[in-house]
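For clarity, chains are labelled A, B, C and D in written order, and residue numbers in each chain start from 1.
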Amino acid sequence: MDRFVLTLRCQDRPGIVRAFADGVVAADGNIVESHQFSDPDTGTFTMRVAVDSPADVETLRSLVEERVAPLDATVTVRPEAQRRRVVILVSKFDHCLVDLLYRHQIGELPVDIPVVVSNHETARNLVEQQGIPFVHIPVSPETKPEAEAQLLDLVRQHDADFVVLARYMQVLSDNLCRELSGRVINIHHSFLPGFKGAKPYHRAHERGVKLIGATAHYVTADLDEGPIIEQDVVRVSHTATVADLVAMGRDVERLVLSRAVRRHAEDRVLLVGARTIVFD
Amino acid sequence: MDRFVLTLRCQDRPGIVRAFADGVVAADGNIVESHQFSDPDTGTFTMRVAVDSPADVETLRSLVEERVAPLDATVTVRPEAQRRRVVILVSKFDHCLVDLLYRHQIGELPVDIPVVVSNHETARNLVEQQGIPFVHIPVSPETKPEAEAQLLDLVRQHDADFVVLARYMQVLSDNLCRELSGRVINIHHSFLPGFKGAKPYHRAHERGVKLIGATAHYVTADLDEGPIIEQDVVRVSHTATVADLVAMGRDVERLVLSRAVRRHAEDRVLLVGARTIVFD
Amino acid sequence: MDRFVLTLRCQDRPGIVRAFADGVVAADGNIVESHQFSDPDTGTFTMRVAVDSPADVETLRSLVEERVAPLDATVTVRPEAQRRRVVILVSKFDHCLVDLLYRHQIGELPVDIPVVVSNHETARNLVEQQGIPFVHIPVSPETKPEAEAQLLDLVRQHDADFVVLARYMQVLSDNLCRELSGRVINIHHSFLPGFKGAKPYHRAHERGVKLIGATAHYVTADLDEGPIIEQDVVRVSHTATVADLVAMGRDVERLVLSRAVRRHAEDRVLLVGARTIVFD
Amino acid sequence: MDRFVLTLRCQDRPGIVRAFADGVVAADGNIVESHQFSDPDTGTFTMRVAVDSPADVETLRSLVEERVAPLDATVTVRPEAQRRRVVILVSKFDHCLVDLLYRHQIGELPVDIPVVVSNHETARNLVEQQGIPFVHIPVSPETKPEAEAQLLDLVRQHDADFVVLARYMQVLSDNLCRELSGRVINIHHSFLPGFKGAKPYHRAHERGVKLIGATAHYVTADLDEGPIIEQDVVRVSHTATVADLVAMGRDVERLVLSRAVRRHAEDRVLLVGARTIVFD
């Protein structure tokens, strides 16, 4: 018996679960974990199911797809043992990268990392020490289209499922955002209330915020406004300097990003409109 | 179309979801929310489903029960509009009671409160002001069996679904615990690490704890050791006196208890062994 | 021996603490709690001290002020037993009011509440049941100046130290903000990132936020942008409806507001520029 | 001007702050940060002060000690630039070690790490890559006294200020605990309520806890019961396996330990009886 992870998304209507369950039974499968959510605003039904079955992935897929064919549903089927492949992008700040690599190394993060890409050389040593290829793609205003093309080539060549911006300080072009839509995760600092623009930690400090946080989200063409995957905060006091806020921000950023990456890698995040459904 | 809340629990095996979904489809029902969990340790399958259906509750129940009959499952079916009935017990500290009554009054807590019972007269005014009957059942070592019998009578007479100990300072007898098993929710303070015995806030203060918390749990014969429904903590510093700790404890207690009561009232808490499955 | 609470603020320079301590010693006083903070950005020194002394308040004040006279400092001295007087303003949503009145009633909030004011009649019963006068001051665009004058009269007539906007849905005029500068505390919902404008809970829901929060701050002419006193958040999931978010928001709002009111009432909040120094 | 960190502890009595401030003024010093706490239970006064002064450390120390001599106080004086020296002990689990080394490397943790000691060889590569000496001291029941003597030698030879048990799985002897009293920081998992004994994560899982946490504390002869420096928790749900709980525990452990180490290294933690005073 192997374990498979399936997701399904379609317009909500009666009979979805029965049709899906029919397919699983036909594959001699047993549902061991299941989450469903029917979004009242959009009428979208989403489901994530873990199934133990003696069938192979193609048989399971075709048996399920056959049953749900009338529903016009989007179905994904993946053997759980087949890990998601992720390309990590980083610039100079390496706290998120170090954290992801460590979790990967001790087996906590169920992904393969075929390559780490950076617009700087800073992280090369760190990455190569772990036996992971490192590719330096410098970016300047002139070379940006070319650099993005090179990045997209790498993503395809390594058959990557998704991309993580682990403090990658380059804004992706609208084009690349569309190309990789729903497949790029970014992390950025967040405050209550929000402070937009430059030097947000300085401005948060001036205002005396008592909480600083971080948000992991899918990248869209609308900068830092994509669907939120995970958020958290940490409490600060007036004695914290801007440097202290930045240090505490690093802790929140790496925690939040690693949780988002893990959930995405386990197919626990489904997009409905501008919202994520997170099946924990 | 009415909305119904169904729960199902049985030994895990293939085909449960299909059988259940068959019953729902037979009642022209549509599943609008569904949570399932298969506990790997005990092999117990649990499910909570919200269904919109034109059928009446008895029809829906019999259609579902018929389909799942071979599974030897425990099934509950309730129209969502039929609110759970809860008897609240309180002693002198009324912060949890005040909180529950307020949430009830503004419509946040989907329960009916047919009666509040206390071993003191302290809370009478507060309760009666809200138009809720108040019954004083004094308890002494000699009268305890009689008092518990009176309490159990009230629970039955008011057809109560469950009982909340909102800082009720009497230990229930083993007998009553068994009689109301899985139907009594208690709240008590909690610390990391635990401090058992008398004056826990004093001992937590002596040790300089940095977090104080509260745990809402089902009452079992094993004092304060029943299955945990909800927990939370709040951060404290060395400047907090024992009185401050107690005050902060009040805030956590009422938050945690109200969340536990709401989840229970919505049939979101299922018991598997000594653990709760909480379908948020 | 009585206990006194003193605060001091001045430009930072050597010798402040010694001069202050000289005054306390001259009053046979003993410092039992002390917090100091020297703000590196503005060069402002702030201090809050609790002193036990056999002197009366005027003697203590003059002995301390004499010693710190060369520092051009702002000093406040208050017997701890002389509770701050607070006027509470409320509109229709009463969750914050109910919470403040309950904490006041059980002795957790060290304030006197001479009057509650509202632009609606809704809360009258609730307030008068606790023996607190309730004044209805309706506000319309035409009567706003008059209503604010009446409010200011009440503040003066009751010798109120500060004003709490416990979900008071009227924007105070710039004039009133200046008149009561640093003496009005407001509470409002907050999100990461911020959602400005109308229906913020709806917009937070659309975006799928994972945390909702609240901010208590001093009111300034710049709407919702005054110095932050306290903040907190609560975790939400995709299953929460807008109504659920609002309900969870109520819990955070009342917790955050009550903490801010208590700290302010205990002279633990000092303003330095747009930041608060909170001496917990 | 250099910055100095001073701490003072003595029996509380009038005049302490004035005497101390006299000493600082005599050294042409300016107090830039100050925290004080007078513990009502034990009558112990504690203070931590940061001072900018043109004097050298010995002059400052003698000027302050001279003034506070009548108070029978314990005073420490340290140039802020003179970093605390810490010996880290580790066994096989390296998540806390990796975290401390990373924070040290990016300058977030103001300590020097002259040596890392382990009863296993596992971490050698990791440590030596950062240019830090690694010493393997195997421990068996027979060699324990000898191993502890070797450890104590290392602590002395490297002039270490304190020792961090970063998941060091050997219980220190009572003798060593006394020898290094108040200078050894340990981290261990914590739950609400506490689960003592073997396999705590398994037992927490069986009971269905909703929060898991970690406690950093000073080591005393009473196992895992020393004064608490820092604690935190993370929320878990019924879907988390024991392995998931352990993984989440790692995140809390490393956060909590690093905060405790930083505060200790900055002289922000003072011991009063079984409690810590933490001057954040």
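Here is the rule we go by: contacts are C-beta pairs under 8 Å (C-beta built on N, C-alpha and C of every residue); 3 or more make two chains touch, one makes a residue touch a chain.
These figures come from a predicted structure and were not determined experimentally.
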item	value
Other chains in touch with both chain B and chain C	A, D
Listed pair (A-B, A-D or C-D) duplicating the B-C contact set, over half by residue number	A-D
Same-residue or different-residue interface between chain C and chain D, half as cut-off	same
Rotation in the CA alignment of chain A with chain B, degrees, nearest 5	180
Inter-centroid spacing, chain D versus chain C (mean Cα positions, whole Å)	36
Centre distance in Å when chain B and chain D are each reduced to the mean of their C-alpha atoms	41
Multi-partner residues of chain A (each touching 2 or more other chains)	33, 37, 40, 237, 239, 280
Contacting residues of chain B [partner chain D, same complex]	37, 40-41, 190-194, 196, 205-211, 213, 215, 224-225, 227-233, 237-239, 241, 273-278, 280
Chain B-facing residues of chain C, complex	33, 95, 98, 102, 106, 108, 129, 237, 239, 247, 250-251, 255, 280
Contact footprint of chain A on chain B as seen in their complex	12-18, 21-22, 24-25, 28-38, 40, 235
